[in-house]
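Same chain, two partners: subunit A is paired with subunit B first, then with subunit C.
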Partner chain A sequence: MSLLEIRNLRSVFRTRGEEARAVDGVDLTMERGEAVGLVGESGSGKTVLALSILGLLSHGSGRILPGSSIRLRGEEMVGMKERRLRQIRGGAVAMVFQEPMTSLNPVFTVGDQVLEAVKAHRAMDGREGWAEVIRLLREVGIPEPEQRAGAYPHQLSGGMRQRAMIAMALAGSPALLIADEPTSALDVTVQAQILELLKRLQSRFHMALLLISHDVGVVSRVCQTMVVLYAGKVVEKGPTQDILRSPRHPYTRGLLGSRLFLKDRRRVLRPIPGEVPEANAWPEGCRFHPRCSEAWHLCGREEPRLVAMGLGRGAGAREGDSRVVGPPGGSLSEVGPTDRGGEGRSRARSVRCWLFSGDLGEET
Partner chain B sequence: MLVYAARRVLAAVPLLLGVATIVFVVLALAPGDPASMYLRPGMSPETLDQIRRNMGLDAPLHVQYGRWLLSFLQGDFGQSLASGIPVKDRILEVLPNTLLLAAVAILLAFVAGIFLGVMQAVRQHSPLDSVLSGTSLFFYSMPSFWLAIMMVLVFSVNAGTVWGWPVSLPPSGMVSDGYDLLGPMARVRDRLLHLVLPALTLTLVLTGGIARYVRNSMLEVIRQDYIRTARAKGLPEWQVVWKHALRNALIPVVTLLGVYFPLLLSGTVFIEYVFAWPGMGRLMVDSILLEDYPVVLAGTFLFGGMVVLGNLLADLLYGVVDPRIRRGDG
Partner chain C sequence: MRSPDKRMVTDPPKVLAGPGETRGGFGEILLSVRDLSHRFHPGGPLERRRAATTQVLRGVSLDLFKGECLAVVGESGSGKTTLARAVLRLIRPTGGEVLFRGRNVLEMSPRELMAFRRKAQIVFQDPFGSLNPRLRAGNMLEEVLRVHGGSSSPASRRERVVELLRLVGLSERHGDRYPHELSGGQRQRLGIARALSVGPELLVLDEPVSALDLSVRAQVLNLLQDLQQRLSLTMLLVAHDLSVVRQVADRVVLVYAGTVVESAPVEALFADPVHPYTRGLMAAADTGGVVAGPGTIPADPAGVASEPAGAWALLPGEPPSTAHLREGCVFRLRCPHPRKDRECELASPELTDYGSVRRVACWKKRESRTGT
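What follows is the complex of A and B.
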């Protein structure tokens, strides 16, 4: 049984009186101790997906549509009683948010806020609880935790605040830690430290980590598996290294092309034109086609399906498992490539993309 | 924190001096002559001048001001022209009554207002929210004297006789006739019964405003990221609302304390008048009608002082409730 199994998750979010389908039919499987990176631009539905897992959507102004399923260790979380959900939140599943500046309550000390999380999930008296708070703060690398515990959030730097948030998330010994853009609001130097910390904690506690980021570079440093989200749908997923080496979907290629490289200044930056469309106005057919440089006439009408291909890509790929599946109409029947690297890319382009993916979760 | 407090207190001093000056000037400019109170038929102009001289009204205005300020700073508020009693005694006599009424009403209004405001914010746009908003606005915009009269009509006049309710509340005064004859328990009961209507009326007037303020403040706070964090920790909803949200929502509400605090001394003129409550509001109205200047001067200064004090208190409380201000690094 997998740690987390998301099937056909569809979540809507209300903006200006209209319901927008921010997450539209996402499947995602996570194993114990696995680090999965969820990548996409702003507006692609990453945060809504994360909030859906925690059952926090209804507290904003959204909801999960019927027919969706989120199973944590086999236990269905969609439609779960609030009481049980509360045990899971901050317990089995914890979350770290993007803005350490605003995510901590300004009127309580950092120690008190971590203590709350400890007490919510473990039977401890005041003294034990406080000792645990100090231990957690030390664990996340906050120097002089005894003093810092008495500090208010505004007295700490951004990096320290994010460490405190992580300590709070660790309080319930989570099996799954969701980190939603944990470094985006931080200085570059601090970003690396926080990423290292997350990586270290993940392996040390054998925690599963769902790292959400718009930055492919961040994800590639920490996660073995990468999931690319666009307009509420998964467009590509697979081992991070494979995707970096041979991205199959034009959107993924666009994301990779938008990265900046310090080492290679001559490299041309190829940004994706335009922006993610509004969630209540997804385009017909493939949602990426208005921005896609490789779109052809079919893309505006039909949506390519995500198919398993090249299980265990990379060295020793089993070529027989690979295929290209065209639109339901069958207008594309060409057997596709499994070549790695640039060659795969060019071949994919020659058949006007459509989706290729290796879903490791299905295999194991 | 201490530096912050000291700075605030120091800043209040020139403000109070300004208040004293303005009060004096305004009263000096006001029409009417305090000496005219002693005017009798057939009194010669010389006698009237003599009275003016005795009262120090013949001196130039700035000299009068100097004398008044000097004695004022020494705690001497002069004597009431109407009764001859020292102003200080006159005020001290009615102050506890006003304090009692206002303290009870303000306390009740804050408790009820905060509770209702939070309930409304949590259920924004629900029927409960709409009904409470409407009711708040109704009591908030109603003239307090009219509300007071209606309260008397309903709970005092009609309650016992027309509708036959078991209790009809006393409509005026602080105690019944023959209060001195009552036993100790009966005295407490009698005082409490007399307090109900004026306190309730004042509470109704104040609660609406507080509830609206708290509601809006809560709606602002409930959208914040740290509320989501509190939920993500697995805290029960009541703790999220009443601890994490309310604690932050109350920070701006502290301002209201600066607004309502002066009521403790000034009382509410209309409500005290309708309920014949012997408090500051009534004393002031009576004194103004009698042109009893020393009382009016002292009273007005006290009111002004209370406003300054209320704001000072609010400033200091900000420091207590908001740690970001406390450190004085902001």
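What follows is the complex of A and C.
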């Protein structure tokens, strides 16, 4: 059994009285201890996806549409009772947000807030609980945790605040940590530290990590598997190294082509024209086709499905169901920590693009 | 600071940018910043009474040559944004000079200042926060033209508005939209059009692409480079992202805690960063080359001492709050290799020549150079 199995997730949120389908049919499987990077620009639906997993969407102004399924260790989370959801939230699944200052309560000390998280999920008395708080703060690299536990959020630097948020997330010993742009609000040198920390924790506790970022570089530092989201749909997924080496989807190629490097100046930047469309105005057919340099007549009419890429060049079977993409059920969950690198590699590449559909030849 | 860097004033330009070291080969200095410093009282009236001040800039000097793009790089609290604003006198720095074609901007009369603002403009980081939400894009541009344009007719102004929109890759119909009806990239294009509307020579860009998505960021960078060439603009780019700087800048100045720690032509800097801060910044920013780099988890399950991306170690700690710095090198608390003698603690190193084209403020580098 996989740790997390998302099938045909469709989520909407309300904006200016209209319902916009931010996530539209996403399939995603995560194994224990696996680090998956979810890459997408703003408006791709990546944050709505994260909120859907935590069952936080209904609290605001959105909802998960019927027919969606999110299973955590086999347990269906869509339509789950709030009581049970609360046990899972911060317990088996924890989340770290982009902006630690707004996620921390300004009137309580950092230690008290971590303590609250500890007590919510574990039966501990005050003394034990406090010792656990100090242990967690030390774990996330906060120096002098005994003193810092007494500090209020505004007394800590941005990096220390994010570390405190991570300590809170760890309080329930999560099997899955969702980090939504955890470093975007931080300075470059601090970003690198937080990424190293996440990588270390994931590895040490054999914790699954869903890292959401607009930055391919951030994801490539930490995650074995990469999922590229565009306009509410997965357009490409596979081992990070493979995708970086040979991106298949024109959007992924454009995204990687927009990156800049330190090693040399790019002679010409070839950006993707246009911008991500609004969630209530997705184009017909392939959602990327208006921006795609390789689009042809079919792309504007019919939507391509996510197909697994075989070993042969572009010879993916046209299987609409991405079950062909995931690993054989449960077989990877037993893999020990030393084989961790193999998990990512064993996963097939899959792409949602007419250029890589197996039976394309016959249709033309 | 031991002493302000007076020597630079009389130095020939080659000290800062040797011929052939930069793209154009620049001669004329358009803007000079001399020993600029700025303190402010943080917080509200209560803290003000305590007379605690934060020194944001500590004697920054730099020259901007006509036609070049000079990047000022630093993390939050480095003073880079304060520097950008002081250059245009959007704030009044507490010390130093800003010379635009030899005239001190900080002492200009209101009339002179108005003329200066037609020569020097700024593009802000957040286009949404810097555009009037109640004005349509076209009307906003027209207003700028009316204020700065003298006696031009309404018809000619409208013509000019369309011209400006096209210049930045927008179309005429975008002129009828309110800022909230534009996307982030379009808003930033509009911000650039606003800055260009008065026909400036100098464009100050304060983190112009950091709020934009990756695919849009590349579009805007292309636009800026294109505009720089077509309009022969001089640009002062304030940024924290080294890869952006690498792409567009000719020369780079690195600031840390309000102090310039290194300045060099872009090629030299990226080929061989000298100051330990520059190296740390590069290690942090380097997310690998074309192929993933250090993508997956290291074989060591603990992974504690995982390999940093580049050849240099990741820096410990965080950018300092400038209020707490007293004596010594501003970087010493995070420096991976301070000198064994206590020089780094006792005095602040001056920015001195290092090789023919760069300048570095580091006691260690000075020691190693005299040693060899």
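Please note the rule applied: the second predicted complex is superposed on the first by the 308 of 364 C-alpha atoms of A that agree within 3 Å, B and C clash if a C-alpha of one lies under 4 Å from a C-alpha of the other, contacts with A are read in each partner's own complex, and residues count from 1 in each chain.
We take it that a residue touches a chain if its C-beta (ideal position, glycine included) is under 8 Å from a C-beta of that chain, and two chains touch if they have at least 3 such contacts.
As the structure is a computational prediction, the values presented were derived from the model and not from experiment.
Novice: Identify the partner contact of A:258: answer first if only subunit B is touched, second if only subunit C is, both if each is, neither if none is.
Specialist: So A:258 only meets subunit C here.
Novice: Looking at subunit A, does subunit C or subunit B touch more of its residues?
Specialist: Higher number of touched subunit A residues: C.
Novice: Output check: A:200 vs subunit B and subunit C. Expected answer is one of first, second, both, neither. What do you get?
Specialist: A:200 contacts subunit C only, not subunit B.
Novice: Please indicate which partner A:224 is in contact with in the superposed arrangement: first for subunit B, second for subunit C, both, or neither.
Specialist: Touch partner of A:224: subunit C, not subunit B.
Novice: Kindly classify A:157 by the partners it touches after superposition: subunit B alone (first), subunit C alone (second), both, or neither?
Specialist: In the superposition, A:157 touches subunit C alone.
Novice: Is A:121 touching anything from subunit B or subunit C once the two structures are fitted on A? First, second, both or neither.
Specialist: Only subunit B is touched by A:121; subunit C is not.
Novice: Which partner chains sit in contact with A:97 here, subunit B, subunit C, both or neither? Use first/second/both/neither.
Specialist: Only subunit B; A:97 stays clear of subunit C.
Novice: Under the stated contact criterion, what part of subunit A meets subunit B in this complex?
Specialist: Per the touch definition, subunit A meets subunit B at residues 54, 56, 59-60, 82, 86-91, 94-95, 97, 99, 102-108, 116-117, 120-121, 152, 154-155, 165, 168, 171-172.
Novice: In the complex of these two chains, what residues of subunit A are touching subunit C?
Specialist: 35, 41-42, 157-160, 187-193, 196, 199-200, 202-204, 214-218, 220-224, 240-241, 244-245, 254-255, 257-266, 269-273, 275-276, 337-338, 340-341, 344
Novice: Enumerate the contact residues on subunit B facing subunit A in the complex.
Specialist: Residues in contact with subunit A: 224-226, 228-237, 244, 247-248, 251, 321-324, 327.
Novice: Can you list the residues on subunit C that touch subunit A in the complex?
Specialist: On the subunit C side, the touching residues are 75-76, 183-186, 213-219, 221-222, 240-244, 246-247, 266, 270, 280-299, 301-304, 306, 308-309, 314-316, 318-319, 321.
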